[in-house]
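Take a look at the structure below.
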Amino acid sequence: MSRSIKVDAIARLEGEGGLIINVKDGKPVEIKLDIYEPPRFFEGFLEGRSYKDVPDITARICGICPVPHQTSATTAIEKAFGIDIPESMYILRKILFLAEFVESHVLHVFMLQAPDLTGHDSVISLAGDAPDKVKAALRMKKIGNEVMKTIGGRSIHPVNLKIGGFYSWTDKQALMDLIPDLEWGLEAITEESRWAATLPFPDFEVDYEYVAVHNKNEYGVVEGDIISSRIGIITEEEFEQNYLEKHVSHSNALHSYNSEDQPYMVGPLARYNLNYAQLGDKAKALAEELGIVPPLNNPFKGLLARAIETLEAFDQIIKLIKAYDPQGSSMVEYEVKAGRGSSATEAPRGLLYHRYTINEDGDVVNAKIVPPTAQNLARMESDLWQLTPQVLQKEHEEATLDCEHLVRSYDPCLSCATHFLKLDIEEIE
Amino acid sequence: MENGKPRVAVFKFSSCSGCQLAILNLEDELLDLVGAVEIVYFLEARRLPESRPYDITFVEGSVTTQEEVERIIKIREDSGLLISIGSCATAGGVQALKNYKDVNHLIDIVYEHPEFIETLEKSTPISEHVKVDVELWGCPVDKYQILEAVSALLQNRRPNLPEHSLCLECKALGRVCVTVASGIPCLGPITKAGCGAICPSVGRGCYGCFGPSKDMDLDAFIPILRETTSSPKEAVELLRTICGYTPEFEKAAQMILEEEVANE
Amino acid sequence: MTMSAVEDKMHVEENAMNPNWAVIKKIETETVDTSTLWLEFEDEEVRKDYKYSAGQFNMLYLPIYGESAISISSDPDQEGLIGHTIRFVGNVTRAVSRLNVGDRISVRGPFGTNWPVEESKGKDVIIFAGGIGLAPLRPAIYQIINNRKDYGKVTIVYGARCPSDLLYTGEYEEWRSHDIELMVTVDHADDTWDGLVGVVPMYFYRLRPNPENTVLWSCGPEIMMHFVLYEGLARKIPDNQIYLSYERNMKCGVGVCGHCQHGAYYICKDGPIFTYEQLEPYFNVEDL
Amino acid sequence: MDIDRKLIDRLRAVPWFQEISLEHFEAIAQFTRMLDLAKDEILFREGDSEDYIYVVLKGRVAIEVNSPDRGKLRIFTAEALDVVGWSAVTPVVRQRTATTRAVVDSTLLSIDAAKLQQLCDDNCDLGYLIMSRVSSVIAGRLMGARMQLLDFYGKQDCEE
Amino acid sequence: MTDYQLSINTTVAISKPELNKLLDVLSGAGYKTIGPVAKNNSLVYEQIEDISDLPYGYETDQKAGRYRLYQNGGSEYFQATPGASTWKKYLTPPRTKLFGLVNVDNKWKEVPVSEIHPKYAFIGVRPCEIAAIKIQDTVLIREDYVDTLYKKIRDELIIIAVNCLHPADTCFCTSVGGSPEAEDGYDLRLTELDDLFLVNIGSQKGIDMVAQLEYAAANSHSLQIENEMMSEAKEKIKDVLKDYKQLPELLMNNLTHSAWEDVAAKCLSCGSCTSVCPTCFCWDVQDVTNLHGTETQRDKVWDSCFNPTFTAHAGGGCSRPTTTSRLRQRITHKFASWVEQHGGEGCVGCGRCIVWCPAKIDIREELNILQEAFK
């Protein structure tokens, strides 16, 4: 008996993709994530562009996580030029960065994944059942956006970040004015996390290799080394030697594999499991209260990691705003020179790696961008191979939803995946 | 139109999804909005089976593949009003930067197996393929312009969208002109208002993401741009950032390139 | 109500831009895209005080849609409803077209200059109107009829694009009965049309005005008025006896928003009706 | 030859003929006659030879051109004292380029164009007078045509 | 010096720090004190609470299309010439609510305007800016029309003028009948000398303010220095406009001259000049509605004769479709038709339109070119 689970267009994803699972005699024989995001060639058209344009152009890779792209690009190029930025700039970048975590995580938790766990087709119908919850989520999301807007002019593709610092300092008072809202957000996410912990997550556990940014001074997101649950800490420069994107025979998509040819996971669960110790007290206290201290190996529970990270983001933003002390020029002086630099940041959906080679005129010689979703793609497919037999006894619709839900729980950002290949959909008899 | 509520769809073409997110970023108005219209297709938020036809269709993204060419024609047939949102949809967007390069070369750079890549030579705006009723510019689109467009359609009036240059908006907001005060190149004088002059607000020049303003004057602008940029390359790249594929900005870039050739 | 709220309220009431509500009492369909709305102010005081002259206009405001300058087309000597003949071509007027009897609309006015109805007593009057341009002239026609013996020969040449575009067709016989020569012409005739064909200025050749004792009033598309003017001047009608009604993008009605400037004039305040003597310096200045 | 006094009086009453001497009126009257047209009766058709020039005395006469794609287009309605068929007395005589139809019962003076032209050729003073009158008719019609071209009132859906 | 009799036109001297006391007096009386602040490489009019907010030790270098603000190590608060900011942003703000309406049971009801506009005290108003405010007065407070909001703000306004001792190269107030020395229209007028401010009293309010300060009678030496510096300043301003008084006739008689095309060739049609002009007043009205069309707010917003929709017709098209026609409108309005409309020219010679034109159009030069061409 054969059966196909086919989702032409998975809803509630960033970007668009489909899913095909072909089953024969109770076992999956083929699983494909069909990414029909057309290629956009960022790495290609960056060639020859001035280094100055890179943050603005790479922001457009993804409307959901422009800040990590901007930050990875900026930091990588700053490394190529040997630029060190002072503390207050780092603080401002981190505030901007974490504000996007708030916006993106809240969007994912409440508007994209929560409908799966509450039996709704969308946040629109969820809003009918639980309007207060949705209103609270919208307000939290708005606060994240407001912080980004205050620093970057707008929350999607903000305009203030530049190589060597910022175009201008953000007025401290303008940020201080947001603190009451942020404090409200901190309370609200605590409350909503308690609710989230009660949601009926499917039983499903996988032994993952987690890979994330690791910063010895803090819960790493903006910059740091790379940590893996398999090989420990490596430098950013070593990333490309250990984790490769390549073609594999069973699929036409670019997949990332570790040096042992195994898929690995990036994203909130990876960060949470690897860097839990560096979370703030408030986050840890809530995690303990909810009984979700690592290890957390259920991909569906990425939602809970996101909730805790949102709390951590609110908490840190408040502290960082208070510590923010803009002085002097908003950008450091530097010299344009030939060089190569790479940087890894944590986009809300996982590790994002940029590497650039710049010539003496400041033009990009080549660019390499490894977005989180590309890295997770092989992992998602592996998970689906494992999940499918478990859900096959369910009604077709329900089984389909479970598979979709699994993909959604990764919060894949398909626009981000700058170089997926188009897959041919095959039906088996 | 069931229950008098217009059926609204949101479609994505080649893009970063940012303009769809702009809709979801209407936090204060979102619940009101979904109450006023019936959102029948908006993949980033929900999917309903059998959603055609649509009264109001928003299209994000540009056309970069043959599949997209065919899809937009179909969507046009299914749609009452078609509104393109964001500069990918109105101008070809950032991915139109590939339009200046050999597409096969680009494929070679990015992909190991070029034979699997299906793409068109150029990234093109929606209006190059089908009739578009309203264009909302910006990268991303301004969420309040989306709201204004929906309000206007619901109320059967003309949407209030500025066509004038960014300079008017910038000055009304009390921003300091970066070209005059700091000698920074700025596309403001030839760019449509609507963004809130955010770039001059942080002390940088406009990079034209809201597209060309109406009745602007390239002959007068090119000398200023050349004077404020250090090289023709910088001037051309500024024009070719987000909306470089618009006829106006493309003409401006050509004028600079031709001038450079003439000077050599 | 707190003190400051009272002050704010006063501020609202004083403001010249504030709405002044009127109710639509009657709607007469004139053509496929033109109707006459008959309005009555809600406020009795306003109703009593409201006086206007032939050729003046009001700013009609429909919330959400905006404001539009509409000339008054009713008889200034008659108390009661105020008529506005509106062609539904713009954002505001198309919204007005969807209104019904009993709906409210705001009316600011009256604004602008008027036809020299009083000053022209004792003279022959020639009126050239085109399309919707007959609307602001109708009040003057009524006033002439009201005092017909005070005027000499009265001639009206009225044209529209096609017979179905003609306004006030039901009143022509009445006008003619008051010893008014009325020529009606259309650009595009159909088979049922047995009247004149051609644009109005062309018919100037049929008139034999005594230039010194003639006033010429014209309202219609600007290009039409220009040709009327040329014909009038060719027949030696003095500059200050030729009156043209101009139209520009009028917003405030009181000559302060700057939109309707034409040379040194604010059309809304110094016009809309000008003598050619006034307009002469700007005549044929392109895109002024 | 009998001189039709009544006809001369009609001619003299036409403003168009002002300043013409009695002698010339008598000559013109020789080749002028009164013509009654019933409603919808055709005076001449497009393609007819140009033989007469007319002056409308009473009623209304429409001048219409037929266009294959737009149908019948009326370009002028002549009323009392208007001149119709002026092209018949211009130097180049073509066939009629328009159709003329009475839209109400009408009376016209019809003047033999060839004879009028001959008369003009023989009498330069009269010829000048007639030709300047013809030219002002042409100028008027030309202006009218031009203005119609401008489409003053803009495009609208008309029940044509 | 309590025995000193203060009256209008008295000049006293105060120490520079005493300006802080004046700010306190004003804010104590409920005034929002606005003055020049160095920001984003320019001077911007913003709220100031302390004299340290003022651009101390700054000067400017300006010419067509260029404004540079830099510190010169000097010790003056008011040496730097103002930037693009004008006082009109407080007197006729870029967007003001005229009224709000809410639809209740299919009937529109007015919602009173609830914005409270503060009482302003402007610190450091230049003589040309006083002239500009006077011009706006003639436009907005007339027999047949009163802009009530403007009048309200204006009636309560306190003007602390400052004489221009360091006019910029783009200044041409003397060419249009002005002077770097404020003659009237202020409550107090400051002249900044090395170590003190000379304060001339222009109104009863001015007397009341000075009475609360530590002041001394201005000595003749200071007054002499003031005089000399004013003369120097006046000399520094080049009298560049030829036949200024002939302009109305000359411009209006040559509306169709081809020279307009030449002048407009450089123009971007961006509207910057009208935005920074302290006398430009054109505005538009817009309805801002809610989604369901049940609430609307009617706003008055700045407009510009360079806005493509400025002369738009209801049925499509516009009266001034070209850059030339729009620039001609601006120039003829400022220098010609304004006289007929409002009894005087619309230009005060502040030079903002020159400095802040990205295309470097210098109105003085352009007027001279036009004059040459029209002769």
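When the chains are written out, they are named A, B, C, D and E in that same order, and each has its own residue count from 1.
The definition used in the following text is that contacts are C-beta pairs under 8 Å (C-beta built on N, C-alpha and C of every residue); 3 or more make two chains touch, one makes a residue touch a chain.
What you are looking at is a predicted structure, and each value in this text was computed from that prediction instead of being measured.
Separation of chain A from chain D in touch steps, taking the shortest path, is 3. For the pair chain D and chain E, chains touching both partners: C. The chain with its Cα centre farthest from the Cα centre of chain C is A.
Centrality annotation: B (chain centre taken as mean Cα position, compared with the mean over all protein Cα atoms). Among the remaining chains, the Cα-based centre furthest from that of chain D is the centre of A.
Between C-D and B-C, more C-beta contact pairs join the chains of C-D.
Centroid to centroid, with C-alpha atoms defining each point, chain B and chain D lie 62 Å apart. Rounded to whole angstrom units, the spacing between the C-alpha centres of chain A and chain E is 51.
Rounded to a whole number, the gap between the C-alpha centres of chain C and chain E is 39 angstrom.
Annotation for chain C: residues touching 2 or more other chains are 64-65, 91.
Residue positions of chain E touching 2 or more other chains, listed in rising order: 40, 286-287, 289, 293, 315, 321. Touching of two or more other chains is recorded for residues 155, 203 of chain B. Pairs of chains meeting the touch criterion: A-B, B-C, B-E, C-D, C-E.
Across the complex, chain C meets chain D through its residues 32-33, 130-131, 159-162, 164-165, 185, 187-191, 193-199, 201-202, 205-206, 220-221, 223-224, 227. By the touch criterion given at the top, residues 39-42, 44, 65-69, 83-85, 89, 94-95, 265-272, 275-276, 286-293, 301-302, 304, 306-309, 321, 323, 355-360 of chain E touch chain B in their complex. Of all residues in chain E, only 98-99, 101, 103, 107-108, 110, 112-114, 116, 139-140, 142, 144-149, 152, 252-253, 255-256, 281-287, 289, 293, 296, 298, 300, 303, 305, 310-315, 318-322, 324-325, 329, 332-333, 336-337, 340-341 touch chain C in the complex they form. Of all residues in chain C, those touching chain E in their complex are 4-5, 8-9, 11-12, 14-19, 21, 63-68, 89-93, 104, 248-249, 251-252, 254-259, 261-264, 266, 269, 281-282, 284-288. Residues of chain B that touch chain A in their complex: 12-22, 24-25, 27-28, 30-31, 34, 39, 43-48, 64-65, 67-68, 93-95, 97-98, 100-101, 103, 105-107, 109-113, 116-119, 123, 139-140, 195-196, 198-199, 201-204, 207, 209, 233-234, 237, 241-242.
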